Amino acid sequence: MATQIKSQSLTDRSESFKWSMVIDLDRCTGCEACVIACQAENNVPVNESSAFTEGRAIEWIRVERYWEGEWPDIKARFIPVLCQHCENAPCEPVCPVYATYHNNDGLNVQIYNRCVGTRYCGNNCPYHARSFNYWEPVWPVDLRHQLNPDVTVRSRGVMEKCSMCVQRIRRNTRSKTPRQVPDGSFDPACVQACPTSAMTFGNLNDPESKVSKLQNDERSYHMFEHLGTAPTVMYLKQVDTHGA
Amino acid sequence: MYYRRTLTEAQINQQLLGTVLTTPLWWIVLVSLLGIVIAGVVGVVAWMFNQGLGVTGLRQPVFWGFFITNFIFWVGISHAGVMISAILRLSQAEWRRPMVRAAETMTVFALMASLTMPLVHAGRPWRIFYWVFPYDWARGIWPDVRSPLVWDPIAITTYLTSSMLFVYTALIPDLAIIRDRSTGWRKSVYGVLSLGWHGNPRQWKLQGFAGILLSALILPVFVSVHSIVSWDFSVSLVPSWHVTIFAPYFVIGAVHSGVSAVVTLMIIMRKLYKLENFIWEEHIDALARLLIVVAMAWMFLFWLDLVFALWLKEEQEITVWMLRMFEPPWSWLFFLFFMFSFVIPVPLWMFRRVRRSFTWMLWTSLIVNIGMFLERFLIIVPALMRKGPQTFTYATYRPSPVEFTIIFGTIALVCFFLLVFSKFFPLIPLWEIKEGQLLIDEVKVGNARVPALVKEH
Amino acid sequence: MAHDEHAAPTVPTHQEIASDIMAKFQNINQSYWRWVSLLAVLFAAGVVGFVIKLMAGFDDRSEWGYYVATLSFLASTFLAMPVISAGLRLAKANWRRPLTRLTENMAITGVLIWFMLIPALIALPDTEGRLSVWFDFPHWMSFRGGNLMVWGTVVLIGLFLLWTLALPDLAAVRDHMPKSPRGKVARVLSLGWTGNTRQWRVLHSGVLLFGAFYLLLYPTLQTLLQADFQAGLLPGMKDAIAPATALINALQGAVAMTLVVMFIMRRFGGYERYFGIDQFWALSKPLLAFSLLWFYFWWGSFITFWYGRQPGETALIQFLILDSYRIPLIFSFLFNFIGPLVALVWNPVRRSIWGPTIVGVGVLFGALINHIRWYVAPFSVLDPPEGKDWPHVATLMSFEDAIPAGQLPGIADVLIIVGGIAGAFLLFMLINKIIPVVSMWEVGEGLRLVKVRRYLARYAMVIAKSH
């Protein structure tokens, strides 16, 4: 069971949001619909295969696949990894220009126009959640109309990472109190696209939200908890029905 | 030490000012060549700015590579200046005299070269420029002082400023000598620069006091600069970076690297500028003995680093060290680093014949710096290659031709600056040499005549 | 050796110096016996404290924290003094000559320290399942045998260094007082020294050899102290700089102790002409440097833990710095860093007898407090519960409900601290009457290399530099 996340220091938790995500690894099939949805929603550049071999691919969420066991008992383990929006984020204190900081909604945000590209934040992220624009991103002509106008198009030299679709959060919570935003009324693109509903998104400050209720699940854990980063994203362990 | 070769003041003036008052052909050729190389490298840098950092070998997850290695390398070399001029001045070691100015100017130019590296390696270097000039006060957002990357430029520019002051104050008496020997516009320029120096007792007293004060004040800067650079790594979470030993380890490594660079510089200077009368075997002998002590201290700290890295038996820490020491090609680089930084030079320096041979000292000092460059590289890159237990993210870094070119460009830059400097200012301080000769004496002990020094009281 | 700038300074001959030192050596007066008796009484009190601890047994490790702190303080102050002398000899500093024998005589305290090590090693748990530099070597023997060997070698080499450097003076004692018991001892110890060229060459080779080994082995001793007695008992303690910190702090303590002992010898022993302003002024500079380094090394460790923010690191910061041992740290900060910095920055303070001495006393007090913080803290950490290994990457709270609170000393602890320090000084006082506390031959050699010359309008000392 995961340790409880520290609650925010605001006296009345019902006055603020604390966005969080729960990913159920038992339901995840590794289909990568979340990756595509994120790319479409957030103007992430198209990654050709050379981007992967050169290590320059930009992925705000990626599905890591590990092989376990020997033939014929091989298992594939999938884990979608995105920015964990750590409460004790190691990427935040090392940015010289304050391009990344923790906002009042419990998100770790990246401000593209402040970023000078020193890449220290990328070094310090133990989850490899951050991507750097090594090249100027170029979209094929046909895809340029598909760019989301709510999201900045980043240039070369800038770090980027999952923002929990902060543009959707802003759009759905502008001028509203937490009570006025029902749980599940909107989701980030990855959560929305997931065909098996492996991902859940919601406000941790709302004790009735799905994410709050899942915090005490017996399968729950945080990635690399021993590092003291206090990630907000929570995972639910896969259940193996045929032995360990 | 000095008693066998005493030169007259006229001889000192003529030999040390030779490079300033005349321009040999080799100097013109070398400076032009280096100038062309630097222009080419600037072009490469401009192209890199235009295309993006994709032209380098950097990739996920190795965000820092050759450029940061080079940054640390040049900051390391810059530590020679303080070691030799400040510490040896404060401990009144006579053998420092011919080396002080060359070491200090190498410090200044090495620091300038090192400052180019954070600029060049950043994703948006122009944004750094506009971040600083003018600073955006209106939004109330200050630089994040929690970040070691903010401490770095503060420390390095402090060190650069104080080193430049150091070089300048020590230059003043010599500038006056040049002023007195030139005519026309040169005379006015040197006149302004020499601040009305006439060598009267009051001015000499101030000069001595300034030297000691600057030496003492620059010592904390010397220790803190490379420590701050090392904390770029210590305060991160990367395995094998997050260790407490880095501050003194980097500083001692910097002294090792820097003093070796001074040895290289002195031997090349001696050859190029025909300074056999001023740079003797005794000087490189003394430098080599200093290097032995420094290298021993460095080895102690290296072993502490290794032992305590494995101490907690953390899997990731062990993975990184296994990669460094046992997986080719990193293991070959590690082997070379260890051999070049310590195993080959230090035992050789134990022999008097090696210490007094210019050829041996040139080669051993050069391989020390190759080894120390490799050391910085091996600290930075393998750790990033194996940052976490997610083997899915493991990758290899291979520097690209662009990175090699830019590194080479910084070496050319420092050499270029030193050569240009020598055109306008003597590389060996005339007044230090003359002062040294005044302080030579002889003492009869029994039947032997022992060289002696006059000590200040 | 004081100088009046308006008259030609006089340089004493080495015969004058030798007879003066010999006279002081021969004279064992009431004052001396009073000091020795006082120290013996205090040492006996320390033994009483030790016996009380023995009766409490070794089951509760926290009983032995103050004992280990005392042991470490002694090993870090007294045993570091030969390093000072070796370092100054390496740097060929002429002002070292009067004080080298004083620092080398301190090597005799190694005998007490080595025997004190034995109960400390018994108090340590076996390395099985525990972090250690011995890396799973046979558990019960490895660190006990290894420590005894390394510490023993350091002590032995220190004694050999002292003996080698004392040979000419022992010969002088033998020749000067052949009939007395001390003269007979000197005859045995001086190994037939006659001062011919071959013997001097052997002496210099011996000094080089023993000095080099001492310089190499002493950092090893500090490494083992930190690794076995501190880091190995604190879960999650990964502090690579700690042995280097301990070494630098030991050197600071040694310089301070040298200053304090010189002052005492001036005041009570009549050695003013040897321990003069030159020595105090020259030693004040390394004292200032080591004080700055005290902060620097402490900061290197602190800032890494602070930024790491891992649960193990934050727990250790709470334990050693911010919470349980905050008061000792504040004291050390004041006496080992702030005080020396503020005082010794001023040249008039450095260039005085009182200035460096007072700072030195403060440094020694701060060093003792710091050693208490370093060793009482880990010794107060509980053993893991039955069946559990010592956690590696865990926190202090892995097997305790809370971070242990600071542990105050008991009566026995205070007696041990006082007795240990008194015992070391007692040995020093005793050895001073076997080997003269100022080196006659070294000071004499220095005087032979010094001439006074008229230099411009003044007088200057001309010092020969031989190779």
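Letters A, B and C name the chains as they come in the text, with residue numbers starting at 1 for each one.
To be clear about the criterion, a contact is a pair of C-beta atoms (placed from the backbone, for glycine too) under 8 Å apart; a residue touches a chain by one contact, two chains touch by 3 or more.
Treat the numbers as computed from the prediction; the structure is a model and nothing was measured.
Chemist: A-B or A-C: which has the larger count of contacting C-beta pairs?
Modeler: A-B
Chemist: Can you name the chain whose C-alpha mean lies closest to the mean of all the C-alpha atoms?
Modeler: B
Chemist: If you average the CA atoms of subunit B and of subunit C, how many Å lie between those two points?
Modeler: Spacing between the chain centres: roughly 35 Å.
Chemist: Whole-Å distance, subunit A centre to subunit B centre, using C-alpha means?
Modeler: Measuring from centre to centre gives 44 Å for this pair.
Chemist: Indicate the whole-number Å distance between the mean C-alpha point of subunit A and the mean C-alpha point of subunit C.
Modeler: Those two chain centres are 56 Å apart.
Chemist: Going by the contact rule already set, what residues in subunit A reach two or more other chains?
Modeler: In subunit A, residues 90, 93, 227 touch at least two other chains, as defined above.
Chemist: Which residues of subunit B are in contact with two or more other chains?
Modeler: Subunit B, residues with two or more chain partners: 235-237.
Chemist: Counting only residues that touch at least 2 other chains, which ones in subunit C make the list?
Modeler: 307-308, 393 - these are the residues of subunit C that touch more than one other chain.
Chemist: In the complex formed with subunit A, which residues of subunit C make contact?
Modeler: Interface residues on subunit C, with respect to subunit A: 307-311, 313-314, 393.
Chemist: Within the complex, which stretch of subunit A touches subunit C?
Modeler: Contact set of subunit A toward subunit C: 88, 90, 93, 226-229.
Chemist: Across the complex, what residues on subunit B touch subunit C?
Modeler: Its residues touching subunit C are 1, 90-91, 94, 219-220, 223-224, 227, 231, 234-237, 242-248, 293, 296, 300-301, 304-305, 307-309, 311-314, 441-443, 445-446, 450-457.
Chemist: Per the contact definition, I'd like the list of subunit B residues that touch subunit A in the complex.
Modeler: 51-54, 58-64, 118, 121-125, 127-128, 131, 141-144, 146-150, 232, 235-238, 384, 387-388, 390-393, 395
Chemist: How about subunit C: which of its residues touch subunit B in the complex?
Modeler: On the subunit C side, the touching residues are 3, 90-91, 93-94, 131, 133, 216, 219, 223, 227, 231, 236, 238-244, 285, 289, 292-293, 296-297, 300-301, 303-308, 392-393, 448-451, 453, 455, 460-466.
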